[in-house]
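Quick notes on the structure that follows.
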Amino acid sequence: MIRIAVLGCGRIGAMHAYNISAHPRATLAAVFDINAAAATTVAAKTGAKVLDSVAAVLADATVDAVLIATATDTHADILEACIAAGKPVLCEKPIDLSLARVNACAAKIAGSSVPIQLGFVRRFDPGHRAVRTAIATGDIGELHQVTITSRDPGLAPEAYLKVSGGIFRDMTIHDFDMARFILGEEPVEVSATASRLVAPELMAQLGDYDTLTVTMKTASGKQAIITNSRQSVYGYDQRVEALGTKGMAISENRRPHGMTLHTVDFTDRAEPLLNFFIERYREAFDVEIDAFVDAIEKGIAPEVGFEDGRLALVLAEAALKSVAEGRVVRTSEVG
Amino acid sequence: MIRIAVLGCGRIGAMHAYNISAHPRATLAAVFDINAAAATTVAAKTGAKVLDSVAAVLADATVDAVLIATATDTHADILEACIAAGKPVLCEKPIDLSLARVNACAAKIAGSSVPIQLGFVRRFDPGHRAVRTAIATGDIGELHQVTITSRDPGLAPEAYLKVSGGIFRDMTIHDFDMARFILGEEPVEVSATASRLVAPELMAQLGDYDTLTVTMKTASGKQAIITNSRQSVYGYDQRVEALGTKGMAISENRRPHGMTLHTVDFTDRAEPLLNFFIERYREAFDVEIDAFVDAIEKGIAPEVGFEDGRLALVLAEAALKSVAEGRVVRTSEVG
Amino acid sequence: MIRIAVLGCGRIGAMHAYNISAHPRATLAAVFDINAAAATTVAAKTGAKVLDSVAAVLADATVDAVLIATATDTHADILEACIAAGKPVLCEKPIDLSLARVNACAAKIAGSSVPIQLGFVRRFDPGHRAVRTAIATGDIGELHQVTITSRDPGLAPEAYLKVSGGIFRDMTIHDFDMARFILGEEPVEVSATASRLVAPELMAQLGDYDTLTVTMKTASGKQAIITNSRQSVYGYDQRVEALGTKGMAISENRRPHGMTLHTVDFTDRAEPLLNFFIERYREAFDVEIDAFVDAIEKGIAPEVGFEDGRLALVLAEAALKSVAEGRVVRTSEVG
Amino acid sequence: MIRIAVLGCGRIGAMHAYNISAHPRATLAAVFDINAAAATTVAAKTGAKVLDSVAAVLADATVDAVLIATATDTHADILEACIAAGKPVLCEKPIDLSLARVNACAAKIAGSSVPIQLGFVRRFDPGHRAVRTAIATGDIGELHQVTITSRDPGLAPEAYLKVSGGIFRDMTIHDFDMARFILGEEPVEVSATASRLVAPELMAQLGDYDTLTVTMKTASGKQAIITNSRQSVYGYDQRVEALGTKGMAISENRRPHGMTLHTVDFTDRAEPLLNFFIERYREAFDVEIDAFVDAIEKGIAPEVGFEDGRLALVLAEAALKSVAEGRVVRTSEVG
């Protein structure tokens, strides 16, 4: 059993804590949150102990590994401390909102063999993963175009949006990683179109956007297209499509159940989509913990690591520059 | 070009006339209806001549073949006359509401090689036919169960229901033929359950039913299940499903187009089904004429002939007897 | 927290034990199995104690309630003992293979207010339940026809089939309950057609069947149709369809994920269905425990109780008699 | 009856001729093709007369209107001649490959009230049109993003590709019009990404592309995304999706029939998509003729006219410039 401590007991940290607690090959060793009440709540339900600082967690011999789900601006510091302490890390995305900080972090941890896994959970979704597999097995031939539709059911709270780093670093970051995962090679050109349509005034005030299209191209000419919106009222819209020389693979949306209604006015009416990431990526969050435990048990590099986190951020920077300058930006300009 | 005369210019006769008129290997030679105005209307749109009696049609040397779409109680007489005149016939179902009359007709035309095709148009539906093909090619292995869902969008007019011969002979007759087509062998046992739910008073008055389930079994144990209703408000519900040792084939319903709507309340909301047989079986009606022209040109027996019409009626009789007596009826008891 | 003991640690008992262990409002108090090793395995993973007899479980003051997942022939005895001991029971179906024994049990426990819940888990499936809700809310108007397709992915082991009580009591029993649940009123007539197609020799030897169609009718004429097969190679086929005066509701099958493949030979190719009941009814098994805990906490009668188990068995008896006698059987003849 | 002459009897001209011939409110008055044999073939099947020049057609008093389906480089000249002769025109797209020529044509016909309809047939597709209707009726609220997937089943012949004017003017032109149709306002910014993946050598030789993504933005920030490929082996991929504040509408692909196959390896396997435009847009081609006849009969401007043809070409020019210069291009720069 791998004994994992969870740092940060907000919504996603608490979810991870419960998943770890129920995992057949892991136990929840300890929890920490700057808000002690949040940690206590999770501890009460799981039997895990509460520790009162990151340092206490890293000093605890019963902690084999750490999951970082604290505020984004603490990720890099904690990650460096974990590596220094020799504790394998599963770090929620993003590593940091600043590419410079991420690069500095990369320099600091260079040479370490302690496993670092980045929390790009969508790679572990059975449907999206099956698209990747369909490419890997040759089922759709040589890949030509990847289309990622990724829309949140509704605008996040204003307080969150103010510190999110903007849509490209907060939301599209997942899609940049998905594009890299499906493409199997690096995008070298990025072109982005951004609008303020969902909440025009708030977005203008924040200097942010709510509706995006990003097109990327690899050196060999493969294309990846991301469409984002902060509001898809019909649920959390998460689709991945890959076109190749021999066919196409699509990972479709998911609903809470399969009941459809048929009346004089319509047929096939189904439920709205699963509302948000905890429901939609439920299996993926489980498999993510599996993968982390596997990496630790087998001493292998996690499938999705620090550099994946850094490269997704490079794409976000390139996209921001593309919007600002109205032109195609090469990743070499920002990375 | 095969020159075909259409007898009966009601809704279905007129439709056949227009289809023949537009057919690449057929022409509409003549039309007849006891209501001269109906025939004149069709003639005006197609350029076909109007003849004033069945005898005139049969005597006309420019008529190569005849399509019978007159009132049901005239089918058998006209069919006999056509065969006597050596004119190939495409006869709308049923041959007659009386099995005795059909048997007498069979005796009368015995030995003739003039092609007779029965109007079981659904056999020519590309989807249903693909189910049959999936069985014939072995795609689903040995057949075990056939499930036919067949529901009319709404109750026919009372005037029609009074002369229809009842739901088994009028509506289920198509499904009996479909069951035989898909099964590829003869049902020997029939068990039927009938209810009056759509229009209880009218049905009681007519001694008829509006909601049915029929289960049939072949000598080898294969099962076919038909569910019928006189009212499916979401459109004309026409599905065929076949279960075999290696898989299942389903012919799904059809909609006028593929637009789906997704809102805060639902996803995937599609249009109601195509409303009725002329729209739903549009291609099938075309292919039915193709098959008739093929049979005539090549001098071969039509794929669906007189005996198919007779055997479907035998199943209807068995089902009626099953309802009356509350027991399984063997087709040998009525056929 | 409701402290539940699980009796019987075979496949389904062990699953229940893990579900209870992870349940937010329940704990696994104890486990028992006549095979001590089976109980020990479950105990090791959950921290529950192992008790060495049913009597020990019933005498244990830390056991608030009991889940019976032992061999079928012990269900009725244990259930009676639980009621005598005042322990609420969740009993796996069937209560017993003998209707006489079930009736005797009913007489014995008459008058008790200790909650008894029957393990008809499918009632808690979100999709099937949504069909029931669509009827209850009037979305599809007055109900006319219910169609239940229920097929196991493959034949159970011969050893199991020998003691299963036959397909009607073992497999169709779930569908009889589903029919009652969806109909909302009692079937009064039963007509069944049975074949030996999947394993003809074994079935003949066992006096059992592997391919069924059952048609039932309520006093008001509503119809329910069940199609069963012991082998649907494309996965566990579990569909429920309800036709009413205002529309239709369908609970569709479920797949492990939503990836579809499209090539030169086909489009929309999806994964086989979820293979069997533990995967297919995963949420339903959780909700079943919720419902049991609710009933205990609130002191209310469980939604699906002893009489539901008895009435499903009455329908099984009627169906068996129908097959034997080739006729419609009224439930009053057997119940 | 509107008497229509068809100029050009190639694949699409012949199809139009047959459709007009079968149309209830139109007749095929005459046909012309520089290849007399092509015209003769169509005439033989329809009974229309063959004329030996465009001039002869325009001089013929029995010709009420003209459908131009000749080679692209003749469209503008013939269109001008038709307008001069006062004959309403349905002109296949594009008007010309040169925007300068189209602008000159616009100047020449300015002030005429003779109806001109452009052959953007997809506007008449029932599914795509239902997306437009869902917006117009408010069903999906304010529009934010339009996504058009448009892929040909396979590469056109090299001979055609050499004279096609390139993918933007030949293929994407339809999608530019569809984007304008769905958006309901004009794109002002265009950004395009182009690759050579299907036939890299041929495309490099032609200076053309086979795989595209185009992103457009209107003045209000609405976005339209087009993905194109010259090769989708699973059939003719034609989808339109619109996201709005209240929901989403999708026009899905179409298959020849609704049979799906389910085996041990897969479920829901359907036929490849309808292969190409004549099959896929069959109804749309009929409705296009309806609309043309309506415009003539009622003396109203066709729904899709000359300026629509010109504006689609402006978007093509902007997209080409965007690819060449690696930047966002404003339509005002080219239009």
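A, B, C and D label the chains in the order they appear, each numbered from 1.
Just so it is clear, a contact is a pair of C-beta atoms (placed from the backbone, for glycine too) under 8 Å apart; a residue touches a chain by one contact, two chains touch by 3 or more.
Note that the coordinates shown come from a computational prediction; the quantities given were computed from them, not determined experimentally.
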Chain pair with more C-beta contacts, C-D versus A-C: A-C
Centroid-based (C-alpha) most distant chain relative to chain B: A
Where chain A and chain C are represented by their mean Cα positions, the distance between them in whole Å: 40
Averaged-CA centre spacing for the pair chain D and chain C, given as whole angstrom: 57
Where chain A touches two or more other chains, by residue: 233-234, 246-248, 253, 260-264, 271
Residue ranges of chain A in contact with chain B within the complex: 233-235, 253, 255, 260-273
Interfacial residue positions of chain A with respect to chain C in the complex: 22, 24, 45, 125-128, 130-131, 134, 139-140, 246-254, 256-264, 271
Chain A-facing residues of chain D, complex: 142, 144-145, 147, 149, 151, 189, 191, 193, 195-198, 200, 211, 213, 215, 217, 221-223, 225, 227, 229, 231-234, 237, 243, 245-248, 326-328
